[in-house]
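Each structure below is given as structure tokens.
One chain, subunit A, appears in both complexes that follow, with subunit B as partner in the first and subunit C in the second.
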Partner chain A sequence: MFRDIFNLKSVGPLVVIFIILLVLPPIIPRFYTYILAVIFVTALLAMSCNMVVGHGGLFQFHHGAFYGVGAYTVALMLTKTSLPLWTGFIAGPIIAALTGLLIGAFCVRLTRLYFGMLQISLGSLIWAIAFRWYSLTGGDDGIHGIPMPPIISSQNSAYYFTLIIMVICLIILYLIFKSPFGATLQAIRDNPERCEAIGINVKRHQLIAIVIATFFAGIAGVLFVVVESSVFPDLLFWVYSLEIFIMCLLGGWFTFAGPILGAAIMISLRTFVGIYTEYWTLILGVVLILLIFFLPEGVWGFIIEKFGRQTKEAVEGGSK
Partner chain B sequence: MLRVEEIHKSFDDFKAVNGANLTVEKGGLVAVIGPNGSGKTTLFNLITGQLKPDQGKVVFKDEDISKLPPYKICSRGIARSFQIANIFPRLTVFRNVQVSVLSQQGKSRKLFYPAGKLAVEETNSILESVGLSDKAGNTAGSLAHGDQRALEIAIALGNEPELLILDEPTAGMSPEETTATMELIKRLADSRGLTILFCEHDMEVVFNVAQSIMVMHQGLTVIQDKPDEVKNSSRVQECYLGGAEPC
Partner chain C sequence: MDTGQTFTVAALGSQFLVGLSRAMILFIVSSGMSFVLGVLRVPNVAHGSLYMIGAFAAFSISTLFGGGATGFWLALILAPLVVALVSLIAERSLFCYLYEREHLMLLLFTFALMLILGDLVKMVWGADYRSIMAPELLRGSVNIFDSPFPRYNLFLLIIGPLVGIGLWLFSNKTKVGKIARAAAVDREMVGAIGINVSWVFAFAFVLGCFLAGLGGALVSPTISVTIGMDHDIVIEAFLIVTIGGLGNMWGALVGSLIFGLTQSFGVLFWPQFAIVFPYIAVVIVLTWRPRGMLKSVW
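So, the complex of A and B:
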């Protein structure tokens, strides 16, 4: 039995990493600060996706739709309305979660692949709106030069804002992961029929998980706008959602922290291999093939296995 | 306590359950027996809501539960185990049972409280009663077959049921394991005051344990009576020996 969710031993290294990330911006080139901020945003997005994919066992094939909804909500509210700036930041995640509720309510009626197919279809509707409604969304041009509040308008302040919001979100996601809700969600992933038989309303539980996950995707969308000051329909395109899905698999979808690693690997590949060739996805393809054969549990899953953390996991979840 | 009245269920043209009747009194230990394919599992799936009957009623504590979804039937006080080990393979043994206890306590949707602190005592006591305490930290999927079957029962016990339904609890077990499991079932019935309904295709196993036996053949209830009466029934003997004609 663990005394508390966060014990000193495991938190220590994380605090060190956090402090390093805090002091980095003045030291490293501006470009790397930007890349790190993009990784934070994408990591949060992948983590929110993994809550339903890896822990919930749902085929969340179009998670990007909710990311895009969050981003477009804040972008539109900042450019088209004169409401106070913070309302846009609040509205982003809420509208994303409401969209999640609406789409999720249809999707949870189906199972597995059918769930995923329906979600792609419904999500693509939202993409089509963003892509074609020129007068509102700017169509395929998107919206650029979105004015940010002065306090987060510089690159470094945007970096810090993104980092802190991401850390807060990750802590909340971890609490959920370790909560009875999270435990039940993982049980549903393992065996939904059995969960019904022990008195759990599986569809309701899955829907709540989707709403929570899409809320965090909405936050990631808002952070994207903070970092990039722009939005474009590609965020909602299903191909991007597939990338998010791959990040979860790459990092280790049964672990908690895996998707962070997955996001970092994907962004790094795209950035640094992308400099040499626009066919960086070729490298990604090779990486994925290797992954399937050698690291089926993902990179982080492999590290945990290798360094015996699974016994600790077992004790944490167990009785001793 | 539980009454199944003239229940029917067919899959396409195949009549899996074709008029089954069953009565379970409170505190009873009732067995359903019948050859393979006689509809025992289908009957249990009809009772616990995994399947919906075409005709007939399932009455539990004066309420018709035949149209309720499984999770609601469970909340009425019926828990079940499955014929094939139906556990949560990636979770620890402890967590397997704990999820069920949390569901019983209505805490499944608690969001911001460490699950490791909840329902610990209840879970440990259940693990102890089925003899899995020392394996609490193991991943459930890695357990041996016999242990998985015990875990299967433990998960069902987590719901603190009034009626426990066990679908072939000894399937695939050696004679020793079978005896041990039957003793476990008997002990649970006594110590926890459970009403137990279980099924078996091996007749020998049940005669020592059950207070009442229902015999099924080709989806039909042949007889439900005390073990001795069932043993001497000519119709039962026909079913098990002759077989081809419906009794």
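So, the complex of A and C:
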């Protein structure tokens, strides 16, 4: 099975990239290590979102809610309880997935825009609670200076931890993408009526996809706390969720690896444009418009189309 | 949750009126969004930014004319027109080339527009808090239910239904309005009988944005005008339109009432979590009636 899925030709470059990322931290300045770690977290988040958006065809408008739930869970467990430190790390994704199950169960009854709207409403509910419940969540200030287990408290160890967890998660996500379940999900995206007709339980598949995606969003939330040692309600706000959605589209939402590229572009834009001007969202808006007009398939989708390498496996399912 | 205190009828009544006047602002803004949604079938994420521009433009215009009564009334008329102009430029220069494209791209375009307009407002007006004085006539308060009620809110209670009636007359009694409604139902047919659908869309978009600007100008004396006010209103308008039924004007009214009233009663019963109540209301409505309260035009 593994030989079919990972052929040497495409795995080779990835291993090289991985090794480069492993040896980078002592060489590059600390600031860049930090930025790379943020990109890893965001990339995992965008990948989990794309599993529902790109492969599942659902309007997952408030994915950030689950990210925030994961982050808040681990932050609260580390600061407010005296349970062993690692329980928080396990609880984060599980609570996020449970939230995903609950919200998803409401949402899958609806389709398209109504799905997205109900999700925004439910997600905003979570945001409002985190934003207002000062005694528990610290309200709009959030929680800062969260103590980390000594093993991952230094910047470089946090970097390695994030990198390794992200790589493991991406491999699992890829296996899901290639599994019969992933294929069914993409079939549902392309033609839900026909899938229904041949006996696939469409709603159940969509719900399972949402739960898996929110689980990985929870992992991303935990990693966010590892990198930043803080949480704040902006993570749960709908504007951030739309940014995640855009990362998927920016990179190429019908491809597997696109969202990683989207996240990297987005974080780099924010960081490096932010140094020169406070109007970075203006630049982002202009980039987005250019993208809509010239690269509707996303950057990675464009590269694949243009250079044709590994076209078949990367954009399986084709456009739309 | 402190339900220990008792609520007098007067307190409930005045809170009801406060909620009602809030609902009027929400109705004006969300009916604009609903109109765009009905005809173009795209949720305009930039709607809140246009509302914000309306409020800032009202500030500038009223300051330009000395901040008195004339300034205020002129602002109320001119600010929505400024917003309409901005939206017309955006629509004709970029947005109109996307109508043939996939739907999500239209949504994304409006998001990009929101990002750009948000920063442009920051460039032009800065990040300060601004406020506008209502004219003498609308200042102060009157006694209703033995408790003071701001006159300006009464004014909003009059303006809201007027806008609603105007919009209804426009879309049912004028030729342009009828064409727009027809385009909402079957755009190919409208094109086939020789009407330029692109201009119908432009018109619907500009009218919707005009209403956003009007809402912004109307709300400006009651709040402090600042950047960031776009984020809250756009999500509220979205949810109102969804629970009302997409593209249905009366649905926008019903949704606004639900939203405004749950918010104001929430303040009365549990101030800390007042913002949670409207969202709970939306969840209940959508669970009970997944496609909104009234019939959607889609």
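Throughout what follows, the second predicted complex is superposed on the first by the 306 of 320 C-alpha atoms of A that agree within 3 Å, B and C clash if a C-alpha of one lies under 4 Å from a C-alpha of the other, contacts with A are read in each partner's own complex, and residues count from 1 in each chain.
To be clear about the criterion, a contact is a pair of C-beta atoms (placed from the backbone, for glycine too) under 8 Å apart; a residue touches a chain by one contact, two chains touch by 3 or more.
As the structure is a prediction and not an experimental result, all values here were calculated from the model.
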Is A:Thr87 touching anything from subunit B or subunit C once the two structures are fitted on A? First, second, both or neither. neither
Per the contact definition in the header, classify A:Val286: touching subunit B only (first), subunit C only (second), both, or neither. second
Open item on the list: Under the stated touch criterion, which partner chain does A:Arg194 make contact with: subunit B (first), subunit C (second), both, or neither?
Closed with: first
Checklist entry - Between subunit B (first) and subunit C (second), which, if any, makes contact with A:Ser121: first, second, both or neither? => result second
Check: subunit A residues flagged as touching subunit B and also subunit C 320
Residue set of subunit C touching subunit A in the complex reads 43, 45, 94, 97-98, 101-102, 104-105, 108-109, 111-116, 118-120, 122-123, 231, 235, 238-239, 242, 246, 272-273, 275-276, 279-280, 282-283, 286-287, 290-292
Given the complex, residues on subunit A that touch subunit B span 1-2, 4-5, 175-176, 178-184, 186-187, 189-191, 193-202, 205, 208, 254, 311, 314-320
Within their complex, subunit A touches subunit C through residues 106, 109-110, 113-114, 117-118, 120-122, 124-125, 128-129, 131-134, 237-239, 242, 246, 249, 278-279, 281-282, 284-286, 288-289, 292-293, 296, 320
So, in the complex, the side of subunit B touching subunit A is made of residues 48-50, 69-71, 74-75, 79-80, 82, 86-96, 98-100, 102-104, 107-118, 120, 123-124, 127, 133, 136-139, 155-156, 158-159
